[in-house]
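Each chain gets a letter, A, B, C and D, in the order it is written, and its residues are counted from 1.
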Amino acid sequence: MSLARASSSPPGRHLAKVRASVEEALEGLRDGARVMVGGFGLSGNAEALIEGVLERGVRELTLITNNAGTPGRGIFRWFEAGIVRRFVGCYVGPNALVARAIEARTIEVELVPQGTFAERIRAAGAGIAGFYTRTGVGTAIASGKETRVFRGETYLLEEALFADMALVRARRADRFGNLRFHRTARNFSPLMCMAAATSVVEVDELVPEGDIDPDDVHLPGAFVHRLLEVREHEDPLERLAPEPDRG
Amino acid sequence: MSLARASSSPPGRHLAKVRASVEEALEGLRDGARVMVGGFGLSGNAEALIEGVLERGVRELTLITNNAGTPGRGIFRWFEAGIVRRFVGCYVGPNALVARAIEARTIEVELVPQGTFAERIRAAGAGIAGFYTRTGVGTAIASGKETRVFRGETYLLEEALFADMALVRARRADRFGNLRFHRTARNFSPLMCMAAATSVVEVDELVPEGDIDPDDVHLPGAFVHRLLEVREHEDPLERLAPEPDRG
Amino acid sequence: MAWTRDEMAERAARELPAGSIVTLGIGLPTRIAERVPRDAGIWLHTENGLLGVGPYARAPGELDSQVINAGKEPVTIVKGGSIFDSALSFAMIRGGHVDVAVLGAMQVAESGDLANWAIPGERVMGIGGAMDLAAGARRVIALTTHRTRRGEPKLVTRCTYPLTARACVARVITDLGVLDVTDRGFSLVELARGVSLEAIVAATGASLDVGDAPSLDPGRDDA
Amino acid sequence: MAWTRDEMAERAARELPAGSIVTLGIGLPTRIAERVPRDAGIWLHTENGLLGVGPYARAPGELDSQVINAGKEPVTIVKGGSIFDSALSFAMIRGGHVDVAVLGAMQVAESGDLANWAIPGERVMGIGGAMDLAAGARRVIALTTHRTRRGEPKLVTRCTYPLTARACVARVITDLGVLDVTDRGFSLVELARGVSLEAIVAATGASLDVGDAPSLDPGRDDA
């Protein structure tokens, strides 16, 4: 029994997180993978990574994201390329392509109330197998799910939602992976990093460790596995404000 | 049916949160109340509020806090004053007084694993009635609780933990109640504000709205009901570092 | 005669108590935002993770693609605003920290059941945050036209569309007036300008308790 | 002869892989902190809400009563450290994001069951975070003397004290050596300096697979 055996623990995942290219950042992503994608519509997208998945040529993905998107842009191009087998999210939108694919059963869709969606993702990252919420009780969402009464009110059991990989955008990261998000682009992204076996973060700016004060970290590096610095983004405005009221 | 009826909604709780005195900050705290207290031992205590509860003369409290404390100081003085009927937390410590009170059944104790404690408090604030965790499975903690198998592993059902009032410390607050905590004093405090019907925050510094950047808020004012500015604190070091090693 | 969409939004804005946290649903409810007095201590929450929604961003210098509301429209942030992740945003909603939610509706039943996400036989667009808001907000107000574009009543004895939540709606504001949901069903609170009792009763697909003669639309002199 | 407490801590420090997240329990495991090489990319987590625990704070200018570890001792924070609330801290633990937890032990069974929070008939001090760590960390190492002060074995066929978690311990480091918990019970990995096979077998309250002759304590020249 050699000494080496006692001290040869393989290194952990929290070394050398910075990747040099989209290809390296997506290494290991395979056909059939469950992929979480952060952002809210086109806002706060990991643009390079989303594009990179298309170029990688993987197929049969389970896409877990809030919103199926807008034709011709962002994550919707995954649908257009036919690489999504299953969509789990809150909003399909008025997309004829997705609607036809659902009807033709080439895409499965699981619609989830947005709060339940967020909490299921958090649960996966937090070691919580399931939880009870009032959301969806007495609706189609409750179909096939267990209910339980707490303090006289009926709650629905919802289960954790896991992924193989998360692709999210952050404003700033240090090299350990401590993240800062910008404004409403935070949304599901920290939760998705927690829930995915491998979290990949596209950051506007990489900074040295110590540049982000410990009190100002939005998500600790423990939940972040790969970093890709991308300084230029399209960051389109998906909509403009409505016309001002007459009154 | 008068017009007034249609527009006479009583004002909400998010006006004029700043209180002028400890007495005002604790208004409405009654015998038998469930009170959450933030901090970790003597670190990050809401010192004035903890003292104020003693002066108020309320009794039969359910105290929900991580740690029963240190004789003569902090929250432990509530035990010494005999105002705690029930303690829910993670650590009693080697306190003869609490131990005797438990034996004499003048105090009930519910010991909770620390992660379950934090998650139960968060659940109460988040509208989650219960959740499944692996923590405690196969131990005395599981006694009388339901278990359930998810993906081949056994989990324990734990329920939300509510309070009537939370007393916590923060480093900085704006007048709406957006909070910043300092370092490891954050711990249970934001969760307790979420879980309590009335959250009372003792802050080192009150600042105008707008002084805390939206991205830098640790807990939004939606979860904060009363603010008391206290500029001077004892903030004792409960322990010193151990002697440096010889080697 | 009846209220315009702008007047409906204005009437709904008057429902919001000072010092409250309010979430506005997508569509017509979002238009309430611009009618909330800026000094009333009403804090607008948008479920994508912002408390303290300010006026729409319109000037080029104000626009930031990462500062949007749940309808993906660019907004500003008021002083005292805060940003948080979606888990905390819905903790706020489900945990009872939102005082009022104003939601659109396809159908509201006299029991307070709300249907606002799917029409049988038509494409489902999605659920969004409506189910969480309907189940979690302390007070749910439905803001909707009284009838569909085809003239069918939206206020009904029982919803025939898939439900968003049961027994959640406390008040309905329509183009024809304001109604409460009570233990005995719909109860008239206020008639819109130029709408007769007969007209609102006829447009309602459930029985309507008109009580004493309800007030006519008072215009703005009551604010 | 056997390892001192300092040597036990040093041996345990060598268990920690580069690039890992490690939580140290209260008591002896905490002393590992000062033996972790600063440049190995080992991130120490303390369950009260800090990742990136640095050396103890001893100089007056370093002391901050609001920067402490789970043992309430004042610490420093390394560059790249982060602060979070207790819900996130235990999400990290339960969710499998902590690679290694090193915990004290009162009893370890050959099945890997761990007992470290209560002794029947004695006052219970508390549970703290041990149950979460034992259930949640990817790898649990028990760091303990081989016997109690009264000479009773702590490594046993079956725990008689209340359990912290079932089948969680992967490796035990004691003053007498290093043992793995395998499907067939305890298996000797390494003997401490000057400890004989006979001595460790005699001190173990369960059967011990000694395999081939295990290595003697190699001192430090293997690091």
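The criterion applied here is as follows: a residue touches a chain if its C-beta (ideal position, glycine included) is under 8 Å from a C-beta of that chain, and two chains touch if they have at least 3 such contacts.
Here the structure is a predicted model, which means the values were calculated and not measured.
Asker: Common contacts of chain B and chain D?
Answerer: Expected: A.
Asker: Going by the contact rule set out at the top, which chains touch both chain B and chain C?
Answerer: A
Asker: Which pair, A-C or A-D, has more C-beta contacts?
Answerer: Of A-C and A-D, it is A-C that has more C-beta pairs in contact.
Asker: Could you state the distance in Å from the CA-based centre of chain A to that of chain C?
Answerer: Chain centres of chain A and chain C, defined by C-alpha means, are spaced 30 Å apart.
Asker: Could you work out how far the Cα centre of chain A sits from that of chain B, in whole Å?
Answerer: The mean C-alpha positions of chain A and chain B differ by 32 Å.
Asker: Whole-Å distance, chain C centre to chain D centre, using C-alpha means?
Answerer: Distance between chain centres, rounded to whole Å: 55 Å.
Asker: Give, as an integer number of Å, the spacing between the C-alpha centres of chain D and chain A.
Answerer: Centre separation, chain A to chain D: 34 Å.
Asker: Chain D: which residues touch two or more other chains?
Answerer: Where chain D meets two or more other chains at a single residue, that happens at 50, 77, 83-84, 87, 90, 93-94, 136.
Asker: Multi-chain contacts only, two chains or more: what residues does chain B have there?
Answerer: Chain B, residues with two or more chain partners: 119, 122, 126-128, 133-134, 181-183, 214-215, 218.
Asker: Is the way these chains touch best called a line, a ring, a star, complete, or other?
Answerer: other
Asker: For each chain, which other chains does it touch, given as pairs?
Answerer: In this structure, the chains touch in these pairs: A-B, A-C, A-D, B-C, B-D.
Asker: For chain B, which residues are in contact with chain D within the complex?
Answerer: My answer: residues 40-44, 67, 89-94, 99, 111-119, 121-122, 133-141, 181-191, 218, 235-242, 244-247.
Asker: Where on chain A does chain B make contact in their complex?
Answerer: 119, 123, 126-134, 148, 150-151, 153, 155, 159-160, 180-183, 214-216, 218
Asker: Can you tell me which positions in chain A touch chain D when the two form their complex?
Answerer: Per the stated touch rule, the residues are 1-7, 9-16, 122, 124-128, 174-176, 178, 194, 208-210, 212, 214-215, 217, 220-223.
Asker: Show me the residue ranges of chain C that touch chain A in the complex, using the header's touch definition.
Answerer: 6, 10, 31, 34-35, 46-50, 56-58, 63-68, 71-75, 77, 83-87, 89-90, 93-94, 118, 123-132, 135-136, 162-166
Asker: Provide the residue numbers of chain C that touch chain B in the complex, in ascending order.
Answerer: Touch residues, chain C against chain B: 14-21, 41, 43, 45, 50-52, 77, 79-84, 87-88, 90-99, 136, 178, 188-190, 211-215, 218, 222-223.
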